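Labels for the chains are A, B, C and D, by order of writing; each one numbers its residues from 1.
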Amino acid sequence: MIRFNNDYNHGAHPAVLEAIARSNSESFPGYGTDGACQEVAGLICELTNAPEAAVHFLVGGTQANCTLIGHALRPWESAVSATCAHINVHETGAVERSGHKIQTACDVQGKLTAHALREIAEAYRDSGVQEHITKPRLAFISSPSEYGTIYRRSELEELRAVCDQFGMYLVADGARMAYGLGAGTADVTLADFAELTDAFWIGGTKCGALFGEALVVSNPALDEGFRASIKQNGALLAKGWLLGVQFKALLENGLYFALGRKADEQAMRIKGAFAAVGIPLLVDSPTNQQFAVLTEGEAAALGERFLFEPEGTTAQGGRIARFCTSWSTTDGEVDALVTAVAKLGRR
Amino acid sequence: MIRFNNDYNHGAHPAVLEAIARSNSESFPGYGTDGACQEVAGLICELTNAPEAAVHFLVGGTQANCTLIGHALRPWESAVSATCAHINVHETGAVERSGHKIQTACDVQGKLTAHALREIAEAYRDSGVQEHITKPRLAFISSPSEYGTIYRRSELEELRAVCDQFGMYLVADGARMAYGLGAGTADVTLADFAELTDAFWIGGTKCGALFGEALVVSNPALDEGFRASIKQNGALLAKGWLLGVQFKALLENGLYFALGRKADEQAMRIKGAFAAVGIPLLVDSPTNQQFAVLTEGEAAALGERFLFEPEGTTAQGGRIARFCTSWSTTDGEVDALVTAVAKLGRR
Amino acid sequence: MIRFNNDYNHGAHPAVLEAIARSNSESFPGYGTDGACQEVAGLICELTNAPEAAVHFLVGGTQANCTLIGHALRPWESAVSATCAHINVHETGAVERSGHKIQTACDVQGKLTAHALREIAEAYRDSGVQEHITKPRLAFISSPSEYGTIYRRSELEELRAVCDQFGMYLVADGARMAYGLGAGTADVTLADFAELTDAFWIGGTKCGALFGEALVVSNPALDEGFRASIKQNGALLAKGWLLGVQFKALLENGLYFALGRKADEQAMRIKGAFAAVGIPLLVDSPTNQQFAVLTEGEAAALGERFLFEPEGTTAQGGRIARFCTSWSTTDGEVDALVTAVAKLGRR
Amino acid sequence: MIRFNNDYNHGAHPAVLEAIARSNSESFPGYGTDGACQEVAGLICELTNAPEAAVHFLVGGTQANCTLIGHALRPWESAVSATCAHINVHETGAVERSGHKIQTACDVQGKLTAHALREIAEAYRDSGVQEHITKPRLAFISSPSEYGTIYRRSELEELRAVCDQFGMYLVADGARMAYGLGAGTADVTLADFAELTDAFWIGGTKCGALFGEALVVSNPALDEGFRASIKQNGALLAKGWLLGVQFKALLENGLYFALGRKADEQAMRIKGAFAAVGIPLLVDSPTNQQFAVLTEGEAAALGERFLFEPEGTTAQGGRIARFCTSWSTTDGEVDALVTAVAKLGRR
């Protein structure tokens, strides 16, 4: 079976693994105070054009999200996200576990809109019973979203404007950042994220690292005490250099961006294959996740050789199937899938 | 101004105040271990036909809900409620503060349906990724609901059946229990609530008491450690007898039920008055809360003499106005409102 | 049996009960937004000489403490208290339930010393591993303490100085404030508390009210969102005016202070009686709580007619017995106890 | 500088790194559902003689402790530990963050005694005010302890007996399990831990792994919902197989135990070196951590070439210095330290 079911089914890009192996003969101070972490933090500040940003390395995405949100919010404040957001549907209530409500807005193709965010902020402002409801204080987005769509710079600016008007933080989950930046239609860079959000993270786990995410806190007010929050959430890796050397390997020579572009190109081939035979896509995703709407027969046919992720059914009964490429996907694997899709021949 | 804005704008029924005054010359042991609390707990067990139920007295409703839910759930479990439920929209995230997500289902006239509850339970069961989502473990209802509607015995039985099938608790918020029991269309008694829920509470604050709610835990498994949870939530009243003597005054001679019936009858007069002039009601409420859909002019006209609660607007721009009767509403006040409504003369 | 076991075994001073009764014919807006609460808040600002302080009314002491502490602290911060502090030993972990560690220091006669507080603050500052330990951010004291002792102005100034140096809040639990202010040796007033703490509360439950505590937040930075925290903790009384009218009755004519002085004088008579017969007191308390160290025989003899609170044994096996006076204690009751103690005749 | 400052300053044993590298060409299902995790879980069940135990793999120790404790306890329950326990002093209040108080008992050479545990359990049982205090429900130990001492089988049996009598869980932190098992005086095995505790973990991070801990839940009642708790705590590694292959490499051929024995032998050489020159050890540790009490001059002399961990001062002003060996310590490094210590020549 060829795995297109997710983008975390292989270990690490060889360059990352080699970096870890090279570090194995050295000794380091603990908890991310080592030179590798400091060096790559500096590199990230350059790449994001945010010299005063703080960079923290965490092991996983749920950890990054719930640590950051639990840190940022006061007890009576809530996070706002699209209904489909990972924090709302796939993190076992980790944000609520930290004491905070998530207020959800219907997503538009997986994205939180500035319009929806404004409505929630205005509803709070105009409620007249502020002490009876939580204060929306942090807008959470993922780019790429759960449906592979990405925020354009204008959309981030609009969200930022609402956040500025209502005193909210804007936070971006970048679990698939490489695939977002690598999209053909992308018009944002890491520097845009640093400029327009208060904090965001650059995903490693799904983008070539063995594990790990680099959290960039671009708003200094959010950084006070943050290392203590990381530790308190059980998220301060003792051997922090393992994260530093991985991100150094990924970022110092542009590997991270190249991996993202390549996987997106592969995904575009898959997208094109579906389109060519008239199989609809659930959303118009420019990134490594493609959601095809299959018939039962098509799902069965592709399922003989490929692993993909069932994502429920459409109102018309179509079977939504997610196909992911990743840094580890080979051209041969894509060829095989494209060929198999072509044979489905709906047209 | 005559207050129809809510059902907690007056102190207490005179009989309740007299009971407190009578107790003022005595001394008591603290924290609800006194004779008055024990006596009325026994009375409640009789009224609910639940000899083994535990009865606890708390000061307020938000306190009762969040203490009970936080006590009942394990960390990875969630509560299920209608979207409009008080715990979801008017308790400042108290349930989330205790660490738990609320999963919401669209309400039908303010009520959680067995169908919606089953869908949520089945979605969890069938998800295949149970560790990534919270387990729906407790169904929360209010009867009367936020819209004044009440659950019929058949509806409670259906909810109970779903809870039994999926291992969930059923909990009922009875902030307005007197008005629910007193409704002309009601077919449930306190005994039905004790039989069909795991815990429910008999509201005092809105139903004739100075303050206080009587929480009936009919499922003994839920009661272990519950007094510790009450204390931990800052909800164990030092002078617990104040709650005991109030509920004794309300319950020992049927006063509680009489107050509810009377306020419902008054509400039916108001409902009739709106209907008579063709002013629509948002829902068909048989209890003390009536939601009229007014024009701007009508709202202004009634607003000159009466306080009522604005509850937003309908899609068509109608102004939703809540009018509450209560144990303290006089016939004269209702006469005045009925007369004023008749003068609106929409027809 | 005559109750000296605690100071919350009777209802309310008649003037308080009358105030509640008088309010019963009126109607009010809810949640403490009424005129009575506003009026007495103004009066408290005058009494505390703190025109910009915010005053909030809560029902009970555990509620006041855990709401305030949970509100004030960021997740990685902790409270510091004497080991014997109520929040550490008698509130069922309510502070921890809100997510915060309590760091304890050995008390000196029930009190937290500036020296001990400084040691904890310096240990954190000098630890070199700040992210691995919680940040001591709030010093919690009770005056009178659990042992009836009170803080002198110089002691409060010393604590304040440490708090200022290390960026900590100073918070005072005043459950027995009336008895502290009324002590013959007292050199502080409400204005001193407002000046030297960030927040403190004026206890009603144990000092003549039916129930309720008045929380004075003298540091405006602590007040942001506080009403939301009150509601979130289930501590926002729907009929808030009940608290307002009680504190008005207690404070507008000095009744509160008179009640405290009287109970303290009664306690001094009891203290004198023990001393006269050579029965040692555990601490030198100038307030309404006296801790006698009895023999088994003495405890049995007094126990025939009086209720008192056993508080463990001394290292030498003496039985520590707490005798409380309160606003409700009659001179006749004190006479009876004094006579009984005299008969013990240890000398 | 030669690092004796801790036991997590190097990457991984080569066999572990090779296992990770080997896995890099394969693809796996996520979240620990892969074959490697299952295989090594089976192996651990064999080694612990606990066929029905559940085995979970987590990334770090703080994570393992706070996830397990937060999972096991109901809201009103507390953990009991020695004052020096890692959860009490070096995890930034992670247990309290999960809502639970830690009740501490003075340690005896780093260990919680059955006597102290019993006193806490009896104090709760006999308090008469159970609802005002938290219920001690889980005894937490570390073996080796923070001071390198280990529990003997008889000590574990005594703790187990107290836990059984009072309905408490016994949980063991095994961050340095290899060094505990490898001690010359050790009389316990993994099977003893599985038999006598409800849950314990086998540390990888400090014992040869790149990262990771294997948590053995030997009490099935504790395992319900545990994977959800792991995820909720942000502790469910997406690429779970990375943990599986590491523990397989460590455990399948006894490498784990050999590494522990070797490091302990090295530590005994260091211990002997200190003793030979009359430098006292703080405690009699049979494992990889040795705490020498140095003079300022000795500390300075050793500090020129060796990194060690300052651990405060003794009452007499001695400088406590922790020297750790680990799986990565070379004989040459130990030779160098032994030689340097010999030159100190206090005698």
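Here, a residue touches a chain if its C-beta (ideal position, glycine included) is under 8 Å from a C-beta of that chain, and two chains touch if they have at least 3 such contacts.
The chain lineup, named per UniProt: A, B, C, D = Aminotransferase class I/II-fold pyridoxal phosphate-dependent enzyme.
None of these values were measured; they are calculated from a predicted model.
*Asks:* Counting C-beta pairs in contact, does A-D beat A-B or the other way around?
*Replies:* Output for the comparison: A-D.
*Asks:* With chain centres set to the mean of the C-alpha atoms, which chain is at the far end from chain A?
*Replies:* In terms of C-alpha centroids, the chain at the greatest distance from chain A is C.
*Asks:* Measuring from the mean C-alpha position of chain B to the mean C-alpha position of chain D, what distance in angstrom results?
*Replies:* 50
*Asks:* Rounded to the nearest whole Å, what is the centre-to-centre distance of chain A and chain B, using the mean of the C-alpha atoms as each centre?
*Replies:* 42
*Asks:* How many Å are there between the centre of chain A and the centre of chain D, using C-alpha atoms for each centre?
*Replies:* 34
*Asks:* What are the residue numbers in chain B that touch two or more other chains?
*Replies:* Expected reply: 75-76, 91-93, 97-99, 131-132, 134, 228-229, 231-232, 236.
*Asks:* Can you check the complex and tell me which residues of chain C touch chain A?
*Replies:* 31, 70-71, 74-77, 98-99, 130-132, 134-135, 225, 227-232, 236
*Asks:* Considering the complex alone, what residue numbers of chain A touch chain B?
*Replies:* Touch residues, chain A against chain B: 75-76, 78, 89-93, 96-102, 129, 131-134.
*Asks:* Which of the residues in chain B end up touching chain C in this complex?
*Replies:* 3, 6, 8-12, 14, 17, 20-21, 23-24, 26-30, 59-67, 91-94, 97, 205-206, 210-211, 228-229, 231-239, 242, 328
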